[in-house]
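Look at the two complexes coming up: chain A is in both, with chain B in one and chain C in the other.
Now for the complex of A and B:
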């Protein structure tokens, strides 16, 4: 007999419906899966067989053919185990086929018949909802991420037997309760705080500007000065994610399988710090399955590159395009997938290979030659540096400052200012498709970054003095806009512009000369 | 024969006979023995019970050295059995039956009946 079950598969971040047809005929016992299954899908046959037997159903010897339609898309993952098992049971008339068409089913089966958590449930549910599917059966472990989506009815049984009893009307399962995002968003989950960072006033200011406008930041300083600590504080001063942002990020994390099963939602901005041995593929995304990379995992959050010159140069250069566009298109022979990658780049580096150049400490003198320093700074290419809006030198702190200085501003205080600056930007860009100053295009810069006569003159001087590129100028204007926003000023003043120019032009290469 | 284990034709014939007896005791009807299709494959025992056609593969081993007899049913052997079973169904019009593969394995002369021992493989 033939049974047909609705399921869903993912192509990048978008789902598409898969019809699972299970045909059980008399004849030599066999179990074939067709419709371009990957190895994990083919292995379903073994899991399905064991799970059915261990759920006290009969895995009667039948000539079974499972077709996954559309047959021309490569099917990945283990989410079809459960619908295949249900299809088999319906085909062999062990459960009633009446209600099967109502549901979209997803789930991996464990050998004992229990349903295991799968990755990518959130994006699947969202795209299925857009196509008009409303009722789902998913594993219990995925219930949390499904609970945030409004307008769907999700059932999350523990195992195959429960699911079948539910489908047969023998047992009631309560649908997953809807959860409000606001109930989980506002909780502070960080164990660092800006108030524990002593001194570093300038760096903290740069951090605040960068976060307020979503600008990219490079911190340069001697070893142990506190660059990494400062970077770790960035998420604590970033504004809370809106529901839409949280959904965007959760979709990516769900596909990557790194979502917290309890929480079910990414509620804090991601802070990704890939080690400097990271490969090109792991950073950008790729591989035969076109998986997403660190830039996408950092979407709506921070991508922190510690010790930037230590990264493979080629790897760094690939960041240029996502920094500009906010999306990465991973293209392979089999498929081409677009992942969002709107992140704030924060990088840190030492001023020279020995790490002491420019140190205020008399006993820590730099031992590097001029050529060595030049080469070290040269590892980061001009075009990449050009895309960084703020450069800040992080000096080591003095003992007095370290031990006695009163605790600085707490992250909460800074965050309040950042939220205010962001609110101004949100209002300004309410008609546009962007959120922050850093995303402004030339038309918007023209419109919102008007300069007075004095500022215009200052910019011209800076342009000639530092041989700025056209892009550098636009970036300076954007930062100046953010500085004005932090103070709630309508127009950019000379001081705002001067601060922006100052942060833009003290790049590591310049200092060394 | 599998790797030169102590084995004799007489023992093999005895094992197949014993397996048949065992199936009969369990309520199966033995309808064919040693069905041989040259170049296709061979079926040791074919039994019937409740609308189910059961193809039995008899495996004989002495001593532990050879491992579990069931391990001797390799994928290529399974493919041969499938083809032979198809041929048998065709010749004898058993189209309306579910077909199951069983193994009766002898270890030191003690028979063990494994129902639904493996599934058929197509293509490959």
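Now for the complex of A and C:
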């Protein structure tokens, strides 16, 4: 007999419906899965057989054909185990087929019949909802991420037997309770705070500006000066994620299978710090399965590259496009997938290979040769450096300062200012399809970054003195706009501009003669 | 007096026959170059007596004057020119040294050769300290209208040239390659800047590549042009020690900035200091005093209207270099205000940003 079950599969971040047809006939015993299944899908037959038997159903060998339609899309993953098993049971008339077509079913089966957590549930539910599907059966482990989506009815049984009892009307299962995003978002879950960072006033100021306007930041300093700690504080001063942002990021994390099963939602801004041995694919995304990379996992958050010159040069250069566009398009022969990647780039580096160039400590003098320093600095290309809006030197802290300095401003205080600056930007760009100053194009710079006479003069002076490029000037204007926004000024003043110039110019030691 | 024949003859000896200054000087001391040029065969025997086997080079191109005109045209096209000994532009300072350059190719303002010059040389790999000292001394001394002479090498040389130009001073680069060759190539832009706002000179024929043995020989011109030579930082094997040596032999003033005794980059300068004792200088004023140049009466900086906070910052910086955090507590300003103020003061040339968030004057 023939049974048909609705399921869903993912192509990038978008889902598409899959009809699972299970046909059981008398004949030579076999279990074939057709419709471009990957290895994981083909292996479903073994899990389905064991799960059915261990749930005390009958698995008398029959001639069974499972078709996954549409047949021209490659099916990945183990989410079809559950619908295939249900299809087999309906086909062999062990359960009633009446209510089967009400539901979209997803889930991996364990050999003992329980339903295991799968990846990608959030994006599947969202795209299925858009197509008009309202009722779902998913594994219990995925209940949390489903709970935030309004307008759907989700059932999350523990195992195959419960699911079948529910489908047959023998047992009631309560639908997953809807949770409000605001109930989880407001809680501060960070274990770092800016008030624990001693000294570093300049670096903190640079962080505040960078976060307020979404600008990219490069911190340069000796080993142990506190670059990484400062970077880790960035999420604590970033504005709370809106529900839309949280959903965007959760979708990506769900597909990547790194979502917290309890939380079910990414509620804090991601802070991704891939190791410097990271490959190009792991950073950008791609591979035969076109998976998403670190830049996408950092969407709406921070991508932190510690020891930037240690990364593979080619890998770094590929960052240029996502930095500009905020999206990565992974193209393979069969398909092309777009992953969002709007992140703030924060990088750190030592001043030279030995890490002591420019140090004030008499016992820590640089021993690098000119050629070594030049090679080190040359690992980061000019175009990439040009895309960085703020440079700041993180100097080592003195012992006295470390032990006795009063606690500085807390992250919450800084965050309040950042939220205010962001609110101004939201209002300004409400008609422009962008969110922050860093995303302004030339037309918008012309419109919103007007300078008075004194500022024009200062900019010209700086242009000559520091040999700035045209791109640097536009970056300076954007940062100046942000500095003005932090203080809630409508027009950019000379001081705002001067501060932007200060953070765009590098230290004397970094210029190589 | 610019004698065309004489000029052509020396150019011919140098660029066509390929003789260096020493041999040209020997020949022209005995034989008028015009005559040698007109009729090399006649003087061949005598030339052989004077310069040995190298005289054979005189046979080359003797009857064909075209190459000389070609070279002149190429020089002119590239904006270069040359002077020879005896020309009005040829500086007296070089006449008096051992083995004066027989010919000087140049690009830029040739009158600078006769201005009051200070040689500034040092290691190709300066430490932060060496770089800062170079900047500090050069920026102060160009304000006293001294022309900075150096060798267009990487490191201290480049810093000296650049600082001079940035402070609207004059600078002369004495290079050891042909006037149409830039070495190292990374200084091409700087070299171009110098030729437009200063002067680039060489005694080597056009097309001469960077040859190791020409560099020490060139150093005698740096010291020769200068009233004194300032060594800002030099390692034990630094070529700037050769320049220092030339300066002493030519009876010029020698100034050495001391380095930390444990720094390998300044070890050569320190060793020299130890042997010379009196040469140590600690501030630009020491140099100015020894050379008898006085400070210009009204500094443009003092004409600028400074407010109270700016005065305080300058006060603090006049004692030592101060970190950004300390300036915060000195001025009592907020981070953003202080940032803005410091940038404007830096752009006005009042202070300088140093490494590690430090500031100095």
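FYI, the second predicted complex is superposed on the first by the 506 of 513 C-alpha atoms of A that agree within 3 Å, B and C clash if a C-alpha of one lies under 4 Å from a C-alpha of the other, contacts with A are read in each partner's own complex, and residues count from 1 in each chain.
In the analysis below, a residue touches a chain if its C-beta (ideal position, glycine included) is under 8 Å from a C-beta of that chain, and two chains touch if they have at least 3 such contacts.
What you are looking at is a predicted structure, and each value in this text was computed from that prediction instead of being measured.
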Task: Return fit or clash for chain B versus chain C, each positioned on chain A through the superposition.
output: fit
Query: Is A:216 touching the first partner chain B, the second partner chain C, both, or neither of them?
result: neither
Message: Tell me which partner touches more residues of chain A in the superposed arrangement, chain B or chain C.
response: C
Field: First, second, both or neither for A:31, with chain B first and chain C second
entry: first
Message: Output check: A:4 vs chain B and chain C. Expected answer is one of first, second, both, neither. What do you get?
response: neither
After the two structures are overlaid on chain A, angle v-u-w for chain B, chain A, chain C in degrees (C-alpha centres, nearest 10): 130
Message: One more residue to check, A:370. First (chain B), second (chain C), both or neither?
response: second
Task: Please indicate which partner A:205 is in contact with in the superposed arrangement: first for chain B, second for chain C, both, or neither.
output: second
Which superposed partner A:267 touches (first chain B, second chain C, both, neither): neither
Message: So if I take every C-alpha atom in chain B and every one in chain C after superposing, what is the smallest distance between them in Å?
response: 65
Set of chain A residues, in rising order, touched by both chain B and chain C: none
Statement: Within their complex, chain B touches chain A through residues 52, 82, 85-86, 89, 95-101, 116, 119-123
Field: chain A-touching residues of chain C, taken from the complex the two chains share
entry: 124-125, 127-128, 131, 154-155, 158-159, 162, 166, 263, 323-325, 328, 335-337, 339-344, 347, 352-358
- line: Seen from chain A, its contact residues with chain C in the complex are 199, 201-202, 204-205, 351, 357-360, 365-366, 369-370, 393, 395, 401, 458, 461-462, 465, 483, 486-487, 494-499, 501-503, 505, 507-509, 513
Statement: Interface with chain B, chain A side, in the complex: residues 26-32, 49, 59-63
